[in-house]
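Attaching a single structure in structure tokens format; questions to follow.
For clarity, chains are labelled A, B, C, D and E in written order, and residue numbers in each chain start from 1.
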Amino acid sequence: MKTTRVVQKILSNYEGEAPGVKANLARILMEGKLGGTGKMIILPVDQGFEHGPARSFAPNAAGYDPHYHYQLAIDAGLNAYAAPLGPLEAGADTFAGQIPTILKVNSANSLMSGTAGKNQAVTASVDDALRLGCAAIGFTIYPGSDMAIDMIEEIKEMRREAADKGVATVIWSYPRGEGVTKDGETAIDVAAYAAHIAALLGAHIIKIKLGTDHLMLPEAKKVYEAQEIDIATQAARVRHCVQSAFDGRRLIVFSGGAAKGADAVFDDARAIRDGGGNGSIIGRNSFQRSRADALDMLGKLVDIYKGKA
Amino acid sequence: MKTTRVVQKILSNYEGEAPGVKANLARILMEGKLGGTGKMIILPVDQGFEHGPARSFAPNAAGYDPHYHYQLAIDAGLNAYAAPLGPLEAGADTFAGQIPTILKVNSANSLMSGTAGKNQAVTASVDDALRLGCAAIGFTIYPGSDMAIDMIEEIKEMRREAADKGVATVIWSYPRGEGVTKDGETAIDVAAYAAHIAALLGAHIIKIKLGTDHLMLPEAKKVYEAQEIDIATQAARVRHCVQSAFDGRRLIVFSGGAAKGADAVFDDARAIRDGGGNGSIIGRNSFQRSRADALDMLGKLVDIYKGKA
Amino acid sequence: MKTTRVVQKILSNYEGEAPGVKANLARILMEGKLGGTGKMIILPVDQGFEHGPARSFAPNAAGYDPHYHYQLAIDAGLNAYAAPLGPLEAGADTFAGQIPTILKVNSANSLMSGTAGKNQAVTASVDDALRLGCAAIGFTIYPGSDMAIDMIEEIKEMRREAADKGVATVIWSYPRGEGVTKDGETAIDVAAYAAHIAALLGAHIIKIKLGTDHLMLPEAKKVYEAQEIDIATQAARVRHCVQSAFDGRRLIVFSGGAAKGADAVFDDARAIRDGGGNGSIIGRNSFQRSRADALDMLGKLVDIYKGKA
Amino acid sequence: MKTTRVVQKILSNYEGEAPGVKANLARILMEGKLGGTGKMIILPVDQGFEHGPARSFAPNAAGYDPHYHYQLAIDAGLNAYAAPLGPLEAGADTFAGQIPTILKVNSANSLMSGTAGKNQAVTASVDDALRLGCAAIGFTIYPGSDMAIDMIEEIKEMRREAADKGVATVIWSYPRGEGVTKDGETAIDVAAYAAHIAALLGAHIIKIKLGTDHLMLPEAKKVYEAQEIDIATQAARVRHCVQSAFDGRRLIVFSGGAAKGADAVFDDARAIRDGGGNGSIIGRNSFQRSRADALDMLGKLVDIYKGKA
Amino acid sequence: MKTTRVVQKILSNYEGEAPGVKANLARILMEGKLGGTGKMIILPVDQGFEHGPARSFAPNAAGYDPHYHYQLAIDAGLNAYAAPLGPLEAGADTFAGQIPTILKVNSANSLMSGTAGKNQAVTASVDDALRLGCAAIGFTIYPGSDMAIDMIEEIKEMRREAADKGVATVIWSYPRGEGVTKDGETAIDVAAYAAHIAALLGAHIIKIKLGTDHLMLPEAKKVYEAQEIDIATQAARVRHCVQSAFDGRRLIVFSGGAAKGADAVFDDARAIRDGGGNGSIIGRNSFQRSRADALDMLGKLVDIYKGKA
């Protein structure tokens, strides 16, 4: 596999990291239509765990079959496909080697209430990722939850084991829980903090939500105002998050949230591109559309990241 | 052991799985009067743990003896017999090799109250299953309980160990606990969600309860209505659950609940058959009847699954 | 060591069990004056842990010395002596090989309050039992306590380890805790349930308390009445518990409770004998009497179990 | 090292114990001015952990230096010096081999409140004791605390490991917590119970506080009165505690509590001696005095234990 | 590497410690402009974890890049650079061998509330420290928190593993939590207690905050007054903390807290020097200034510790 200069430059930021991890990052970065550009689009399909099957797949019933998502990611020329254990296994033979996969190793669900609703269950292991030939594991932390310490200590162990075995780690850093208000979950100070925590924990790829111009933490608000940090536009906010990820030394991708109009998705992508982010992780907005619509939309996103749209 | 095309087709869905696991699934699918059809009837006897001995066995006192159930499952030509450690051990020599067994590795009881009543104790290990020659382990999760994360993490570990040792995993996915109303325990959105979670966790055989046409989760309800998902008949509801189990890529069987009239049991089986489910797991409705009545009823169920009744 | 047909018949019920475990059960069953009859009297001395030294030993101060109990069990011709780590060690050299010992591996105490009072501390290991040459370990569970799941998971591990090392397991199954009323602790439905749970967990010898004709669980009560289960006499209640222990496939002994008149002790023993139980485990009623009185009483109990009194 | 008959007699009570443990008990019993008498004086310096440095050492500022205590114990001809990890390490080279040491492996502090204040943190390991050449580990349990089960299970593990490695175990058995009133902490029924629990757990040396004539547990009170147990004098109470430590088969030493007048310290020692106890463990009453005063006092205590004062 | 007499004297206080640990202490003590003097200035950059990226780095945006801090510590001639896993990795190749590093292995964050806010998550391991070539691990404990027992038991394990692998341990001992008032966090009795606890736990370098003349614990207050302990000046309070760290046998450095005027920073350093402390650990006060100002200030601090300012 040949790598581009852009990718080599990105890999050089992972100082002291195991060659196997760098090789797997390269596999993801060199895959698909954005291969070699340093930009990525990843298809994540874990909403069945979070929201149940009907809410996830009824709008486009082909998605009940795990094979559908593998094929969509391949046909759209994406960089990677991320899913929990069951769906990855369900296509493990059919699609072996056809696209880099990310094993989502923890998950929450909408049936739990109370404290348990602030945590995720670990549902797969690093060895599962190896057995299934995955390029990376994906792990969610909830900074702000009373369970955050447990989650951080879990990913600390799994990240170490994964790196020792040449597998990269993607951290979904989603502020949530007792210490975070509803607006705060997407406040820009909190989003940047979430990106920073993931970087501090040694994430190779950081996944956060796009932030709003709200500021949640009073102590942080004072600093944003005093230092006149630019958070006026989405691109500016992306730039602030990139800065918070070791000044751009770590790959950072953004999720788009609930299904919405294609134009809004495109606007998000342009902001990510303009702010220096590394791409989109885009689930419901792709697999809840018809296959034709999804391929159209993903093709347009590729163009945006290539600077053509 | 020869396998049929139907069974080979089913096994091919377990992509990337260990050959030992597939062989044990084949043992169960090829056993008894339904052997080779892709349909199954399983006898589970763990009600003594859940409800105590008298409530379980006094209606047919022969059932106090664990040998009775082994013999009933064999004579009725069922696919497998599932029980906790003690009863399986109690006939381990006498019935060795005569029927596939499933070691139920966790259990609850009616004496506990409070939080503890939302959880199950792990009472046996994968190595116990190996030592006793079992084809599978059986594990209950309570999605919706505050203890669900612990249960999911336990089965994650045990499933992995079992698969590494060539033993299949059956997950009893029974929504229950703080996040689930009484009606919700059998609501169809919850039942389908329960099946989906078991599939996501990598269950080889999924066991759920038949669902009603109730919808518990408000967010899900909107989708069921907007997408006009057919949940009007029991067969339609079974079909929805099959779809939620990776669009039929995973074996799914249904339990019948408390003892009831034979006709109701037959109606359930016809709905399972017509909806594309893989069979029944039927405990109290068999062993609380006299042996003669039970054999009659199980024979009739076989006919139903064969499409003869 | 020769074994009798009665003992061989009992051992044959432990299907698939390790020969070392069977050998240790045989050691206990062939020991002392009841050796070979299938009946047992066991001396347990863990009341010092549960109630403190003065309440346990002041009535017969010789009992402060652990040697006293070893000697009493030997001189009375009992089947085994059960005690925690400290007292077994205190006579480990002097009495090595003179009587089978059971290492009580968990204990509670009267100083704790609250939640902790519903649990027991593990105070010794299977390897301690091996080192001290014990025939079995003894473990208490409190079905009905919120801590029951922890206790069950502990004994699950220890029983497995013990069996792998050829050591038998005695489970003290004492319903207690949040889910059990004071009367319920000895209600016959609860006692039978306790025996059944111990059997399900794989106990080789089950120890429960004698039950009263009270019924605690409403759902169970209906069944006892509908099925007209005979619980009118102590012998009938013992028979019901024997039935609940896999229809007599597991050894079951009964404890006598607090110190009481000798006649009451004898009546209990006759009921155990007539109901098909395997014997008595009798602590305070023996060691709180003078040595002479205790030897008299234990001699009489032997006669009862032999059918001579 | 020659041992006396008295010491040999004591060692013979540790039946079945590892020779390494007996050798370390002999090292302690043969050390210093009381060497060979079966009596002991031990210097414990863990008050810095419990009360902070100023409350512990300001009255005699030389005590801030860990070397001071090593030297004091050596010069006073004591049997052993007990301290946490840090202070033992601080003199590990300088005083290697000059006096038996006891590594205190758990500790509490006065800064914690709430539940945590009823527990101790494990601060060192058995391997630390080996590395530092210690003769024993020291471990505190709080019978009566809701955390007692955890503490008991910790010492169960550490005691086993220590014995396997030839290191003796001293248990500080200090009733405290939710189940114990303030007066109850030194009530004689509770003190005797504490000694008994330590013996049951397999302690080689038991450390308790001297008891008052108060009785805390109502059930125990009845027995003390009915059996007319003599608790009128301190010597009688010591005798009762000795009896509760397996009728004198286990070494038992008593702590003196807060700093007080020398005469009170001497009276305590005479009572310990007359009641058959094995000695004093005396901290603040020695190191908070000036070195000269401490040496005087400790010399007088030696005389008392030798029966000369 | 040659060592000075002063450093050799310091190392000799670490009796019985592994040569690898002493070598790493020597690496730190011999590094930079204060090399060989027994004094240290350490740059810690973990505020991004504690306070988020903007509050930490916006005042001097160069600090978003982890390379900035490595370079600042090197150019200022400091003794060591301390940071969490992510930032140390981010410069692991570029700066390998250029300055001793301390891997901060646990961290808290400002997003958590409630109980979790009284604890820190372990975010890296001793093996991470080895892999990254660190001279020491850094670990924070919160004496006074209900989680202190867990934290103490964690550092007990990590310190042992680190020492066995030749890595030194720095303990950040920061009183906080339910048992400590706001004023109490810097009360001198509490500060001295914090230093003492770190020493008892075996810290090689102790990091505490400078104390005020407030006294929090009533029992301690009595002793400070009765013994007339000098806490009137900052230098006197430093001296008392040094005394509490085994009478100067352990290295102790002081942190300066929030950003403040340079003169206040210099006054603190003079007090540390005059009271016999071993130096400063100075984060926000250096990296939140411009690089030029920071180098000026750090140069002046070096002069103060050398007695030239």
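Criterion: contacts are C-beta pairs under 8 Å (C-beta built on N, C-alpha and C of every residue); 3 or more make two chains touch, one makes a residue touch a chain.
Just so it is clear, the model here is predicted, and its values are computed rather than measured.
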Determine the set of chains touching chain A that also touch chain E. none
According to the touch definition, list the chains common to the neighbour sets of chain D and chain E. none
Between chain B and chain D, what is the gap in Å from one C-alpha centre to the other? 58
So what's the Cα centroid distance for chain B and chain C, whole Å? 36
Residues of chain A that touch two or more other chains: which are they? none
Chain C - residues contacting chain D, complex: 48-49, 51-55, 58-59, 61, 64-66, 84-87, 89-94, 96, 107, 109-117, 119-125, 127-128, 131-132
Per the touch rule above, chain C residues touching chain B in the complex are 13-17, 143-149, 152-153, 156, 160, 175, 177-180, 189-190, 192-193, 195-197, 199-203, 217, 219-220, 223-224, 227, 229, 240, 243-244, 246-247, 249
